[in-house]
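These notes are about the structure you will find just below.
Chains: A, B and C, in written order; residue numbering restarts at 1 for each.
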Amino acid sequence: MIKLNSKTQDAVLFYALRIISLLVIGLLLFIIFVLFKAAWPSITQNGVKFIFNQEWNPVENQFGALPFIFGTLITSLIAVLIAAPVSIFVALFISEYLPKNISHIISLLVEMVAAIPSIVFGLWGIFYLSPFVKNTLAPFLKLHFSFVPIFEGPSFGIGILTAALVLSIMIVPTISSVCRSVFELIPQHQKEASYALGSTKFEMIKMAVLSPSVSGITSAIVLGLGRALGETMAVTMLIGNSPIISKSIFAPAATMASVIANEYTDANSPLHVSSLCYLALILFLITFLSNIFAKNIVKNFSKIG
Amino acid sequence: MDELKQSDKIILEAKNLEAWFGEFQAVKGINVQYFERTINAIIGPSGCGKSTYLRCLNRIHEEIEGASVKGEVLLEGKNIYSKGIDVVDVRKRIGMVFQKPNPFPSLSILDNVVIGLRLQGITKRSILMEVAESCLKKAALWEEVKDKLSSLGTSLSGGQQQRLCIARALAINPPVLLMDEPTSALDPIATAKIEELMNEIKLDYTVIIVTHNMQQAARISDYTSFFVYGKMIEHGLSSDIFTNPREKQTEDYISGRFG
Amino acid sequence: MKVTFNYRLVRSIKNQLFTFVIVLSAAVVLIPLLMIIQFVFREGASSLNLSFFTELPKPVGELGGGMLHAILGTTYIVLLGVLIAVPIGVTCGIYLSEFSKSKISKTLKVTVDLMSGIPSIVIGIFAYLMVVVPLKSFSALAGGVALSIIMLPIIIKTSEEILKLVPNHLREAGLALGLPRWKVIFFIILKGSIANLLTGIILAVSRAAGETAPLLFTAFGNMYLSFNIKEPMATLPVQIYTYAISPFKDWQRQAWAGAFVLMVLILSMNLFARYFLSRIKDKKGY
């Protein structure tokens, strides 16, 4: 056996580790490259107008992304609108209102929600949530808020609202756990200083917990948004898969992820496949950007604050 | 009496040794010689470079990001800092015991002692057992663990763990043993046990021990150095340093006027 | 006087209202969780029978049959993913924890974060383009590749965290014994962390085993038992999906049974891993 200098041995290790790490970095870039290459025919055919084109008709080789971008954004935004306050409150509940031993258990339960596979959410959605929306929630909303235009139209249980509801449940653990780690960083003495001024618990939380955590909370919400944007199965099973933009939140729609899931294996023409890959690229970019945005919020705010 | 047992051979020598953390100089121009089979204590106020200096002697200091060393350290006449020297080989000749007992957590007592040898390629069980027994005896731990050599190293008490670490360091048979405040994390009884075994170790090894406990230094060492702010103010026979120091700073420290 | 008294009352009411809202939110989150578990339990456990675990699907229309092929298929493909992702992932974890200051380390960290945010269906398309197209067929291999990319960021992150937990003086003790750095890393640090690293891998597996989207056009699905890596293979999530959206009541019943099995498997792996990981972080063993 060749006796190598230990410095050489360590150098070999160092370079081996480095090469593998570079490969992983390269993998990310490669994924982007491969997607781009597959989407290229559609990009050259449709250009940037793809994003604004409403017509998605595979039979006539007409491909426009707008219905799916709309579906993705609207379901995710509604989901975040519902989930954000709930998640913040749950995080506060766990970190400020519960004694240590119970808070461990409750936070574990919340994390369990994150562990439930998307398909199980979808199943539950089809057989429970969908009838609930059709028979209970939609009539309630139409009865009491009929003047609001988004509540027009019939509800078949499957549609934007149902999908958004399931999404909101699914992203609560994401937002909540980031919020919780932000809240736990607050030093005890700052909370005590607030109490020493005679504040109620609510006021203390506003002063000492929430206001210094604004950037962390925003980052958490953006991360939750990122998760919602990419969610596929539960949404596919509950959104109705209709590439049409409509006013009512009871109407069926489609997201980028859902149309890919539904049409990719049956796609007949090369342009169809390429357009689906174009959609995948757009989806990738949107989630990519929201993740980078989430990371930078914390950086920028901590520089100011 | 003690002087007769000592050798006159210089085993380790520092020449103009300096140590840096980036731009900050922690150790300033040390020149000292250590005789074979002696116990040498290094005392001084905390945070004044004693540990840093010690860690230069086995080239551990340079493992820290941004740290650097200037000068020479001669082990048996050869400079361990010269180019072309394999630092790993240097460390095989100079053992170290740390402040916090740190047996490797996933290894048994036996494995902890012999890991140094095993990873050098010595795997013959009979040899390993022999070395383990002899080193554990020197570390005054053999009687307490001989029946449970396969239990985890971390299952021992703090004092026992430190003696295990001493055995582990001795197992690779280094002529010089460095000890960085080895008893500061231990209770008085465990401390006393370790001080006792130092007299045995002295017969075969040269020890350089950093300690913040002056009484300990006076008790166990043959020579003592006094460090302040990275400089070695004085070095000499312990009997001289503690009764009749040459420098005023030394005297002030020993009589408790500062530090 | 009157004004001060009323103001204090108002503050107190606000406080109590807030507490109510907080508790309500917690209920709003936990209730669906309990509902889903109860629902799946009720529908699924009642549909479970031995044949579910031991039989293959019967032809369309016929009653009975099971998901044996899907259960085995999930095991096969997840294992494939593990074989690809673990060596690469742990290696990167080592690099990030032992050489954290280098530029490549910092870039890798960012890469891992971004990779973990990629929607799984996009990863499925990547695996399709890289494996299915060249091989001209759906395959278990493509599924394995897709799952490995999903598991990779999780394994890298947990490996890094676990190795970083090893205190520095242990590394120094290893170096002080005259060992080269690579021996200290592999034989002392890594060897001591194997149980913990495994826990991180279990966490990654629990995530990958539940994924449906990336398998839809990689492993695709199969009504028959197959162990061929180059052929399409059934997996539990995809089989559940196929049955759930079908019009056949018996298939829907089996979908529930499948969902029950899947959920029990994944939740228990997840709980197990999280419990151990939190114990490791709190332990004072070091």
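Quick note on the criterion: a residue touches a chain if its C-beta (ideal position, glycine included) is under 8 Å from a C-beta of that chain, and two chains touch if they have at least 3 such contacts.
Worth saying up front: this structure is predicted, and the values here are computed from it rather than measured.
For the pairs A-B and A-C, the larger set of C-beta contacts lies at A-C. Taking the mean of all protein Cα atoms as the centre, the chain whose own Cα mean lies nearest is C. Chain centres here are Cα means. That of chain B falls 48 Å from that of chain C. Chain A and chain B have CA centres that are 56 Å apart.
Distance from the chain A centre to the chain C centre is 17 Å, each centre being the mean of its Cα atoms. Residues of chain A in contact with two or more other chains: 6.
Chain C has residues 180 in contact with two or more other chains.
Residues of chain B in contact with two or more other chains: 88-89.
Contact residues on chain A toward chain B in their complex (touch as defined above): 5-7.
Touching chain A in their complex are the following residues of chain C: 11-12, 14-15, 18-19, 21-26, 28-30, 32-33, 35-36, 39-40, 43, 88, 91-92, 94-96, 98-99, 104-105, 107-108, 111-115, 117-123, 125-126, 128-130, 149, 152, 156, 180-182, 185, 206-207, 210-213, 216-217, 220, 237, 240-241, 244-245, 255-256, 259, 262-263, 266-267, 270-271, 274-275, 278.
On the side of chain B, the complex with chain C involves touching residues 58, 60, 63, 65, 88-93, 95-96, 98, 100, 102, 104-107, 115-116, 119-120, 154, 165, 168-169, 172.
Residues of chain A touching chain C in their complex: 6, 9-10, 12-14, 16-18, 20-25, 27-28, 31, 34-35, 38, 85-87, 89-90, 92-94, 97, 104, 106, 108-113, 115-124, 126-128, 169, 172, 176, 200-203, 205, 226, 229-233, 237, 257, 260-261, 264-265, 276-277, 280, 283-284, 287-288, 290-292, 295.
The part of chain B that touches chain A in the complex is made up of residues 86-89.
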